[in-house]
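Going in written order, the chains are labelled A, B and C, and every chain counts its residues from 1.
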Amino acid sequence: MTLRRLPTSVLGVLGLLTLILLWHLVTAAGLVSKAFLPSPAATVDALVWGLGKGDLKGQLAATTLRMLNGWLLASIGAIALGSLIGISQTARAYLRPTLAFARSLPASAVIPIAISLVGLGPSMVLGVVVFGSVWPTLLATVQGFANVEPRLRDVAQVLRLSHLAYVGKIGLPNAVPDILAGMRLSLTIALILAVIGEMLSGQEGLGSAILLAARAFRAADLYAGLVLLGLIGLLSSYGLIWVERRLTRWRQAAMR
Amino acid sequence: MKRWRGVIVPVVLLALAEIAFRARGGPSDSLAPPSRAVAALLSILLDGSLVVGSAQTLGTLLAGLALGSLAGATAGIALGSSDLLRRMTFLTIEMLRPIPSVALLPLSLLIFGFGYRMEIAVIAFATFWPSLILTQSAVVQIEPRLTEVARLLRLSRWQTAAKIILPAAAPRLMTALRLAAGLALVVAVTAEIVSNPQGLGHDLMIAQETLRPERMFAVLFWVGLIGWGKNAALLRLERRLFAHRGDVDTGIAA
Amino acid sequence: MSLPQVALEFEAVALELGGRTILQDIGFTVARGEFVSVIGASGCGKTTLLRLLAGLIAPSHGKVCLDGRPVTMPSRQVALVFQDYGRALLPWRTATGNVSLALEAMGVPPAERPQAIAALLAKTGLAGHADKYPSQLSGGMQQRLQIARSLAQDPAVLLMDEPFGALDAMTRQALQDEVLRIVAERGATVLFVTHDLDEALYLGDRVVVLDTNPGRIARMVDIPLPRPRNQLSTRENPEFLRLRRELFTAMQEMLA
């Protein structure tokens, strides 16, 4: 089979193009109503127009910023708190079950509480994004500290490292792979919560844009918004993977 | 004695919350002390409204999960067994996967209107991807020696799938199901909060809108309990089914 | 129809993979019922030799023949016993289940299987362990189980890839004698790969010595020692010692 010989990247593009072709054929044949599934061409049109003359650019920026701000705040807080908990074995033992329970709670479920506390404004959305994104990174940080090689803990004691020095020189560097994995998860959650927040509060962003497009039966605009959201998710996750690779070079070198 | 360590912190926090609330005096529209929340929980349990909401949420959850994980697992097995298919689809999967399932709620609403189907569709979409990816990796990571044994014994494609691939991948498939189930609950509740007027998520919003914070906390706790209980039950099932094998660990921390 | 005297044949076989020549100029025959040991340093391609016979890979040049016909894919006539027995057994099936796999593959009706399995387990000394899982068996027993499964195919040719390499000396000796007994009973043709010179001499009618980089035949020596072999008397036989000295020196020179 000559297909097999093609490089993976070419095959991947081929697969994607096949899907788009199928999409086009389905809409062209009228198999699905245009109100539910616009043609690829219509989606691209809506995208181009929206980014150029329309509001898509502003909405894209708003959602992205909301996601990033919330995520950064959450990450800083999570790493700080996680380090504090992580240093002490007793703290870990006492707190882990609580943290695990909190993690299993759907982050969106705290939205009603947030609404009753601060109303439907931008601070509610930001607060929810921060609250929801904290958990994966927090737990990952604690985990990263928990799996420090016991021998290194002994070394730290012998060298009489202060708590701060231990965190900075041993705990955090050891926890970096776990923390980055947690941050990737947090970013996904941040995006989701930002979108939900926008949908509920009507704040400017892709979430509310999509909702409005659905209500007005503008399917092409809806899909354009979906494409952009998918892109945000894709680029942010790959961006983080790139950072992860650069920061964990020592581990990869060791594995070779 | 050690086992109770984990419980101490939440108990202490709840006690502090109770005291703080009492000290403030006067009822609030947005917060409630744990004691009132517990009372509210009992009341909605007994009058059946919580049961109705739970049934709705769990029903759509199960339907969506079944649809999404079955489709995802089937696709995952197909992709896992064919190097060519894997290489052709990876790019498409990477592009479609990051779309947040919540973003599909308006679309689902457009197509199906309010009700069960709209929620099931979104849950199915959300659970499809992790099932696909985890199943695919489970099949790919099957001990290569075993697939060689299948070749040497001249097992047919079906025989290989049934006797070697499925049993070998089973522990990881179970883990994938457990994770997908957790995701399904989150998506279900989210769908109900954002757009679907039924189920526990909807109960949460109603409690907030009608300024009954004790009810809100009660439902919230209940949701957390369901999530935790489901995960714990599936974990036990996993351990019970696969403990005797002593082979590769499931690869994902509990 | 009587079977040809020559059971296995390598005819000018060479194998290249990824730009490297793994095997070169391999040509020899194995008569029916003969026990041939293959010995060489690591990386000389001795495992590859077996895999060519088993039909798992195809040669780049030349022909590999079984009963006069070229090998294109695995045949039930040929059984392969791997060194890493733990990975070649199904961890979710009991000993009985593992042996049964071969019978299922051959289409043996379910009613006939229990008897055949019991006989095979008894033959390999696993009679009391029929219901145990591989994880509950010792290394030696797991290897016996793998051998039992191979025998279930009722093979004319038995290929063994350093089967006792991971076992302790006493278990190894017990299994060596067991293999000799089983093979004598069935009149099977055996190709036995090992890095242990003593084992190769003890077991075989002939020894093929492979050189490395690329793998090619350095020597072929007949072993005219009396059968049945005995762990004490055979190893003290002057002919055994002479062959041992000769081949030991030859291999030392190859490494130099």
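Note that in this section contacts are C-beta pairs under 8 Å (C-beta built on N, C-alpha and C of every residue); 3 or more make two chains touch, one makes a residue touch a chain.
What you see is a predicted model; the values in this text were computed from it and never measured.
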item	value
Graph separation of chain A and chain B (steps between touching chains)	1
Chain pair, most C-beta pairs within the contact cut-off	A-B
Chain separated most widely from chain B, comparing mean CA positions	C
Per-chain CA centroid nearest to the all-protein CA mean	B
Whole-Å gap separating chain A and chain B, where each centre is the average of the chain's CA atoms	18
Separation of chain A from chain C, taking each centre as the mean of its C-alpha atoms, in whole Å	54
Inter-chain centre distance, chain B versus chain C - centres from mean C-alpha coordinates, in Å	49
Residue ranges of chain C touching chain B (in the complex, touch as defined)	54, 56, 73-76, 78-80, 82, 84, 87-88, 90-93, 101-102, 104-106, 133-136, 153
Chain A-facing residues of chain B, complex	5-10, 29-31, 83-84, 87-92, 94-107, 109-111, 182, 185-186, 189-190, 193-195, 201, 204-205, 207-208, 211, 213, 216-217, 220, 223-224, 227-228, 231
Touching residues (chain side chain A, partner chain B) in the complex	1, 3-4, 8-9, 11-16, 18-19, 35-36, 93-98, 101, 104-113, 115-117, 188, 191-192, 195-196, 199-200, 206-207, 210-211, 213-215, 217, 219, 222, 225-226, 229-234, 237
Contacting residues of chain B [partner chain C, same complex]	143, 145-146, 148-149, 151-155, 159, 163-164, 167-168, 170, 244-247
